[in-house]
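The two complexes that follow have subunit A in common; it is paired with subunit B in the first and with subunit C in the second.
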Partner chain A sequence: MEFLGIALVICGAALAAGFAGVGSAIGVGIAGQCGAGVMTEDPGKFGLVLLLQALPGTQGIYGLLIAFVAILKVGLLGGGTSVDVGVFQGLGILFACLPTAIVGFISAIAQGKTSAACIQMIAKRPEETGKAVILPAMVETYAVLALLLSIILLNGIQL
Partner chain B sequence: MAQSERYGYAVSRLRAMESRFVEAPILQRMLESEDLSGALKVLGETSYAQWMADGGDGRFDQIVEAELRFVLQETHRFVPDVELVDLYRIPYDFHNVKVILKSAFRKASGGSRRWELLTPLGTVDSGDLITAIESEDYRMLPFGLGGVVPDCLALWEQSGDLLEIERRIDGQLFKTLRSLAAKSSHAGIVSWIAARIDAENVRNLGRLKRFNSDIARVTSFLHKGGHIAIDQLLSIYSEPFEFWIRALTFTDLGPTLGMLSSKDSDLEAILVDMERALDDYITSVIHRYRYDPFAPENILRYLWMKEMETKNVRIVLVGKSNGADRNLLRGLLRHV
Partner chain C sequence: MAPFFFLFFGMCLGDGGYGLLLAFIFFGAIKKYGMVGESRKFFAILGLGGIAAILVGVVTGSWIGDMIDLFPFFHFLAPIKNAPAFLDPLSDPITFLIISLALGVVQILFGLSASMIHNLKKGDKMAAFADQGGWIVLLVGLLLCGGGASGIIGSGPMMLGKFLSWTGVIVLVTTQGRHKPTLIGKAISGVLSLYNVTSYLGDVLSYSRLLALGLASSAVAMIINMLADLLGAIPYVGWLFGALIFLGGHLFNVAIGVLGAFVHSLRLQYVEFFSKFYVSGGRGFDPLRHKTRHVTICEGAE
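This part shows the complex of A and B:
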């Protein structure tokens, strides 16, 4: 039982980094294959395509950030001695990581699809690049909200 | 990658290829040019230029065909399911079979063969089709034609009825297309084939009206599987053409037929207008998928739009070579 709390924290960190990372990988992959299609015909659009392809990658970064915050909180990083974590505290940290894990996973895939559609849009109308960036950025809002919630919850847990 | 996103690369590439379509401004410039040479000079600024190096003014048909052939081959290379491109190319195989049969009939009555009418756009090499039909090895014919072609040859011997032969071959074509579309399990593709059947049925109805054919004969010329029921089409046959538009208003065909200049009493002019409206109808059915970035229907949409583009280019070039009126030509152009 003495390591259960720390195990739950590690589980939460792994879920945040893992799920958000997988979502980002799928999203970037979807946008990437569409980008490759457009660039086969028009290599000059590389800059615009790269920008749109990179957008779904942010959820993976958010997941990694939350994972770091969680494991830093219990002293697993930095070479110092780890803090004693109770089962309920560990459970709290695990749940605090979940918004970023779940919303990150789903929003990254949704953002990848939106980016893909916008890459197709700039293939035909390169003059609409500004609008093409805004549309997938709207999806980002919810990943940012989930990140904020995870940070607030993690800060609220007293060890 | 999920099944639904498999078409992302292909659809995106086609979107980029769409930017090279010969659209209204280029067609307008071609229309306004003095003669055929002027129109070809404008066409030389487009993707057709690569086929114009060794083509003289009179060879524009080969230029147009080369462009379409290149697009079909290119698309075949990168689409996830090549069956979609083949589905699009099958009507060209049936066209080739018709040409070969008609050449055989001409030859039998002392005429010459018309191999120049064969197209290389089909899925089967036209040489193989010729070999299969001339050597009477019908098992080598694809798409169920092995059963239809001998029947057509027997029918020619008995009655010489070319219309009936065309009907049988078209019937087999639509049966094949329907079966392949159903196998693809994409609703848009099934719907597009149904729209093509509708268009063919209405086209046949118009042609038979011109010949004043009796209703029993008309029935056999309407193919199953369209959006519009055969009974509904038969019910309007005996009515004047103006009534057809009103009767078909509540079908998918309504909006495009409604744009016809129905005041024109000349049936020939109406039929020409109707040809354009039917092509626009087929375009409108597949156009519904243009905003879905992963829809396989976009493959057919691109190929169909490319065919409409080549049709427009051909209309302008033929018109220019004949000295046709610009406004008349403008009215014939399809929506791209």
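This part shows the complex of A and C:
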């Protein structure tokens, strides 16, 4: 029983890094396929295409960040002495990781689709890059809000 | 709008060391390559954003994460770093959140005032006082009420807040339906217009991204430092791996951080700020002319 708390924390960290990372991988993949199509016509757009392809990648970083914050909190990182984690505290940390995991997973895919559409937009109108960058960022808003909630919750859980 | 943008950019990046790097790279590039036109403007924006990030770093004491505290050979810098730093977003995120939201309130009120002045200049006094004036009075009143209820300010300002809120409500309810033909239509759209208070709430909460992105970049920087420190403990070759992780990790984090800071600051301007006063539409005037990409035409040169 005494390791159940730690196991729950690890579960939360794994969910956050895993799901957000999978979402980002799918999103970046969708945008990349579209970008490859645009670059067969105009290889000079590589810089712009890469910028737009990178936008859905941030959810994976948010997930990794939350995973690190969670395992840092219980002292799993760095081989230091681990803190005594009760079952309910472990459950709390697991739940605190969920917003980033769920929202990161789905929003990264949606953002990848928007990025792909915006890559097609700059294929015709490269002068509108500023607007093309804003549209995927509208999707990312919700991943940022989920990240914020996860951080505040993790910060608030007392060990 | 420019000062807001740089402030937001600085808060999203939120690290003095990264700011120094940005300012150095982009102003250096402008100087070295003698850039002109659009790309020079863009580089200057990023450089100025870097300077804003330096200022934020001074206040929060974040210089490439916790580099100065973690690595012994930077310890001599610690007194300089700690002297002006009074706000640590990692240990006290709520204060930073309140600052972010307060900035949002300031910017939204600023946008409403801009719209009010625009309407006054057009001679549309009714729109200026009823639409923008009513909302400004109501929002300020609600803020004072909220402040009073949470005990930050005394009961005197709270009474004033209640008075302002009710004034705003009355102004809005009586005027927002003025374009409707029937009396019932006027009353209904007047009352329904109060529902817009949720959109102002959403706009203000949207500024919480300043905290989230600032926290994310400094926390990732801290984790990179920690990993570099862990690898550095390997005997003989550890310092090499540590240095590689340190350099590669921070370059990656700067790139991601700049992308996020730029995009999200821009969004706050476009979505939350512009919607208060900017009337879109029309087409940009694009006269027939030579468009050159690699040739710069100097006026008056023979």
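Quick notes
Just so we're on the same page, the second predicted complex is superposed on the first by the 159 of 159 C-alpha atoms of A that agree within 3 Å, B and C clash if a C-alpha of one lies under 4 Å from a C-alpha of the other, contacts with A are read in each partner's own complex, and residues count from 1 in each chain.
Basically, contacts are C-beta pairs under 8 Å (C-beta built on N, C-alpha and C of every residue); 3 or more make two chains touch, one makes a residue touch a chain.
Everything numeric here is computed off the predicted structure, so don't read it as measured data.
Once the two complexes are overlaid through subunit A, subunit B and subunit C fit side by side, free of any clash as defined at the top of the document.
Once the two complexes are laid over each other on the shared chain, residue contacts for A:Ile151 go to subunit C alone; subunit B is not touched. In the superposed pair of complexes, A:Gly130 makes contact with subunit C only, with no contact to subunit B.
In the superposition on chain A, contact of A:Ala14 is made with neither subunit B nor subunit C. Touched residues of subunit A, counted separately for subunit B and subunit C, are more numerous for C. Of the two partner chains, neither subunit B nor subunit C is touched by A:Val83. When the two complexes are overlaid on their common chain A, residue A:Ile61 makes contact with subunit C while staying clear of subunit B.
Using the contact criterion defined above for the overlaid structures, shared-chain residue A:Ile102 touches neither subunit B nor subunit C, since it reaches no partner. By the touch criterion stated above, A:Gln33 is placed in contact with subunit B alone, subunit C being left untouched. Our summary of the superposed model lists a minimum C-alpha distance of 13 Å between subunit B and subunit C.
On subunit A, the surface touched by subunit B in one complex and the surface touched by subunit C in the other have no residue in common.
Residue ranges on subunit C touching subunit A, taken from their complex, read 93-94, 97, 206, 208-209, 211-213, 215-216, 219-220, 223, 226, 230, 256, 259-260, 262-264, 266-267, 270-271. Partner subunit B is touched in their complex by these residues of subunit A: 26, 29-30, 33-38, 40-42, 45, 113, 116-117, 119-120, 123-124. On the side of subunit B, the complex with subunit A involves touching residues 1, 5, 8-19, 78, 293-294.
Listing the residues of subunit A that touch subunit C in their complex gives 51, 54-55, 57-58, 61-62, 65, 68-69, 72, 77-78, 130, 133-134, 136-138, 140-141, 144-145, 147-148, 151-152, 155.
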